[in-house]
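Listed next: structures, encoded as structure tokens.
Shared between the two complexes below is chain A, which pairs with chain B and chain C, respectively.
So, the complex of A and B:
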């Protein structure tokens, strides 16, 4: 029976080779998104957004650098927080990476800390350490430790095993790491750490949104209050910082940057043990639970926002954002690749990618909100463009490392038959990893009135109901762990990953 | 190891010592925040001169952060909104409202509408607003959310989600104005003083958006001081702070708030705000 059916199926549906399998993965994902699309609220309501958009465009075109209050110290602090936060993540992440494969507890713990957005970590630490460098560093270092543990473990696992096998029995774990694994995997580890540092810079700007004095502090205020020339100036500072990253983050400059950064981070707050204890032992737990009052706890649970639609919205936006990011990445990566276009067009393409991936999603979302009205659509577009541009940037870098082997192909031919098939496995692997990030980011688009889990978490932080916020954070983390496990299962295996940044 | 412990202890003691000497204040972010540090540093200088202690201004980004800083004793004095003040005084027993702006005894919110709604200014909220889209400001803003929601519920006996087709939280008064001007939301609730400042500066096109209703008055912004201030800064410190605030008459300093003068206030004045917040589930 099945013998009669199989030949009738087209090759891409039946094949077991990596190519058809990847095609099936992609098409299933797109089909799922299309199927669920009717559930999303995608109404377009446009009246007259042009006055406000013109003000924004003018602000970006004629930035007022003079209006910015001490831009250099804000820039310096942004870099310092990113650098020290990433370093903290590395220091915490390496020992965890060594235990990662062996301990289920470590894996679950890492998935848990990764699942909570940097902004929410910051909001938690803010309650104890106030607006201090300590809050900023912990908010970066803790989730990054979870990320580094996972990625470093995967890189070390894939390091050639010959030197390791040549060791005599009884050699300690540390010696094995230092003498056989690190030298083999060093380049990949360094490349990944470098990429994470750029993510750290973006996160460091975002931390300004909750009040830490990085670039985001003034940027958010200026943008919120409609002082666009000032916001434009700050955005340009950040774009230039990211564009110039390859030059100023040279290996030899890092110690200098670290020393300078340490100077900028002070003054350090006195850690008040009483505050910490009160927060951990009281604030985070529902009062009826602490009192052992069962009826009160039922009442407390009844006041929790309705979880089912919140989880539904979170997953829907996450899925749509992931598929959108894939489409954006497929469209945009050739713009920045050396295989296509001419010098000026590539420069413009790279500029566009920097613009899209460095502008905080919240701002992209606000522009689309003005343009398209309040619905899921602005959030979807913002997530797709931001993450799609990031994937496109990494995909272009991957493609640039390849040498085209078929001369005489047209540009579309090169794209479709030569380069895309070679970078696609990596691109898809990166997308699956990014899905986790997109899910986390749905949290910070609550401003659009999209009632995701993050919307309620943010709300309860504002109402100072930390117990509810903490409960919802636990739900979010559980959801993220489940999605991570699912995407790990779906992720195409035996994919040759030669660029560590493509995960 | 012992060295590290000794150094940490010394450092902690030193930091504590510094914290105890400096008197810190903050102000909730609500109106024009350009050159915030520069402007509020002048207020800090004025207080330093009057109180004879070192005074420092701590900038914050949200209502919640201001309340948390107050609760954790990272600031001792704060310029709060109606609701954030109530939240803070509940969390820090003994703290008291000292002064409010001359305008704050009778504060109001405006409901603004995009011209496409063809709504006219009226003494009562028109029934025609039902089914339109509506945006509040920040979720814990007294003038941008709490009181407008209270009066909407009073008028329609229904929650905003039931009255309107879509309900948003813009996060800020200036954003509410921008969103209603662009027609993204058809209606919005906004702090009257922010609206009037925006109209005066020409930052809003009144052909596109106009005020259709103003709420009854309610008490809003106030200065709140922690209850343990006398203990820490000396007998009579609370009174000294109160009189320093009430005596502030430099228009340059007052413009930061922006208020014409400060008048006495006390905790009991804010009981109506507390009741409304409890009804809406924002306080427990």
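So, the complex of A and C:
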């Protein structure tokens, strides 16, 4: 036995097992981000961020609830917009989901509406419908329809096909849907809709940043004017709203909330058909294009500001944000997992993750921007922390469902041998899924002054240059679609599914 | 004896498989009316492929009981069994049936459930049933199709030996012709007219049970052969494993 030949010791991270393969994959991604890091403008511009941070922390610790003007109506409108906007997305999304696999046109259309952030849609509809409930609802319902179509179609497709295959021949499409596909996928469909509603709440808050009277409007004003105790009070209101979500969004309460929300929605705009048509048919398109003037169009294009740095910044921030989110997720998930720490530490960890993931990234970026000045740094921090916390939360939940095979291991042993190998493929797949979301958020961070594409879109909308703004929106959407396609190719395959329905 | 009967399916050198992948090349066999066929072979030998091929050729004549049941966990036993006749009702009736069970199907399925020992469970979601109850629900769904030929892919794999006997008798009573994939070799000899034995994608046994012994069937299983070759002590023990020792159906091709 002793003189049996020892097989050659493998080199660093060598081997075809999923573990080293994913590790190599990850390290390549991190190396790429480090390589490109010098290109990013990460300067801290403000002189004294710490005093400002201390004032903010004080505001959050001692919120002044009395100073907030009518917080209930802002909260109510935020919820109503999220609820009705999500419902609109569901109603539009279901028929599209059924056509999704068959129609290239539907897929392309959904990819396009998805690729533009809710806030940009709001900016666009703002020009026609003004600061009205219609703008807010459309800004949520249209991108969500595209998202629901895609995700519902994927869920339905991934539902176990055995019951469908067992059906006798000749069963109609509708019967097949309601007897096999819907019941097989119901839990996931409902869970996803719920999750999307939570995203809708955050987006609804953000709509305040373009002037709609949701919670974000007061938040932005309070932060901008340095009234931190008031801002703190508003933030706490929002956190409480999110934390209490499981109770107030119970299935039975939803019809009641919808009915109540319908009263809170408003004001409704007087839709001027002629104006709307003029906007859609003329204002959005460059004049030379409508006139069919080729030379004029070239001239028009030449007048568009140089987009290369903006696109470069958008992509770079997207990559940095993705890698940052991965690192944050890997560090933070054990904080909220039942396999590590003690009761109070888990409670604190879970609280931190919920706080970070519930705060809209634009909000985080806004706060960091006030602290650090307008460079890529605040945007990077915001994207990494928000998305990292979101992934960490899901990873912790995944880990909690696992039972370690060897109970007596040390914490590092549990992390590296028992849990991480099992949850990492799912974590990485989630990260690649988030990469598209991160890029979409990167663009809107431009509205805060970070030099990404969103900066120019916002600027051109402000100067009423709708044709240029719309063109830039199309560029943004194209970029998003390209990155989405890329991340789908890179995403690890064969992610183990732990769905109880499959067992 | 089978010569006088007409054949339902005749394969003359057919290639069966999934998509481009041929699992059973050049297959020759005949399925005669009124014949009960046991389909044996190790996992991965192509039993499911052969059954799928037969199902395709028999079309509306075949009742189908798939491997792992293919039930919908979220729906009640009643609705799962009802699915056998989805094609015979309008989409509207099918939708209404989810809201409130239709009268006639409810009565018919109640009778079937009483026979299968599922009485009192008709409204329970399949996800909350035991393995054996699910198995019986799947068989119930196949019976409710009321077709002349029964095709079952290990339909008695997860029930105890007594129930397996009872269920096979029930299937026999309601179908003139049947092809059932099995793992229990003794059942194949005691309850069927003919055995088809698959090994490595070839049909190596196609004979009436009267001409077969357990030892013949053992030849289908490479593991059994290897162990008997290494240890020729007690072939009878190898031939009749205890039911507990039988591999469960999960994860088989």
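A few notes on this one:
Keep in mind that, in the parts below, the second predicted complex is superposed on the first by the 451 of 503 C-alpha atoms of A that agree within 3 Å, B and C clash if a C-alpha of one lies under 4 Å from a C-alpha of the other, contacts with A are read in each partner's own complex, and residues count from 1 in each chain.
Assume a residue touches a chain if its C-beta (ideal position, glycine included) is under 8 Å from a C-beta of that chain, and two chains touch if they have at least 3 such contacts.
Note that this is a predicted model, so its numbers are computed, not measured.
When both complexes are overlaid on chain A, the residue A:167 reaches chain C alone and has no touch with chain B. Looking at the shared chain after the overlay, A:186 reaches chain C, while chain B stays out of its contact range. In the overlay built on the shared chain, the residue A:69 is in contact with chain B alone; chain C does not reach it. Of the two partner chains placed by superposition, only chain B is touched by A:374; chain C is not. Judged by the touch definition given at the top, the superposed model places A:178 against chain C, while chain B stays out of reach.
In the superposed model, A:295 makes contact with neither chain B nor chain C. Looking at the superposition, the partner that touches the larger set of chain A residues, chain B or chain C, turns out to be B. No residue of chain A contacts both chain B in one complex and chain C in the other. Taken together, the chain A residues at the contact with chain B in this complex read 45-49, 51-52, 67, 69, 126-128, 130-131, 208-211, 213, 217, 220-222, 224-227, 230, 267-272, 275, 303, 369-370, 373-374, 446-449, 459, 461-465. Residues of chain B that touch chain A in their complex: 11-12, 15-16, 19, 29, 32-38, 58-65, 67-69, 72, 74, 87, 91, 114, 116, 133, 135, 138-140, 166-172, 174-175, 178-179, 181-185, 203, 205, 208, 281-284.
Residues 162-163, 165-172, 174-176, 178-180, 183-184, 186-187, 501 of chain A are the ones that touch chain C when the two sit in their complex. Interface of chain C with chain A (complex): residues 59-60, 64, 66, 68-75, 79, 83-87, 89, 91, 94-95, 98, 127, 141, 145.
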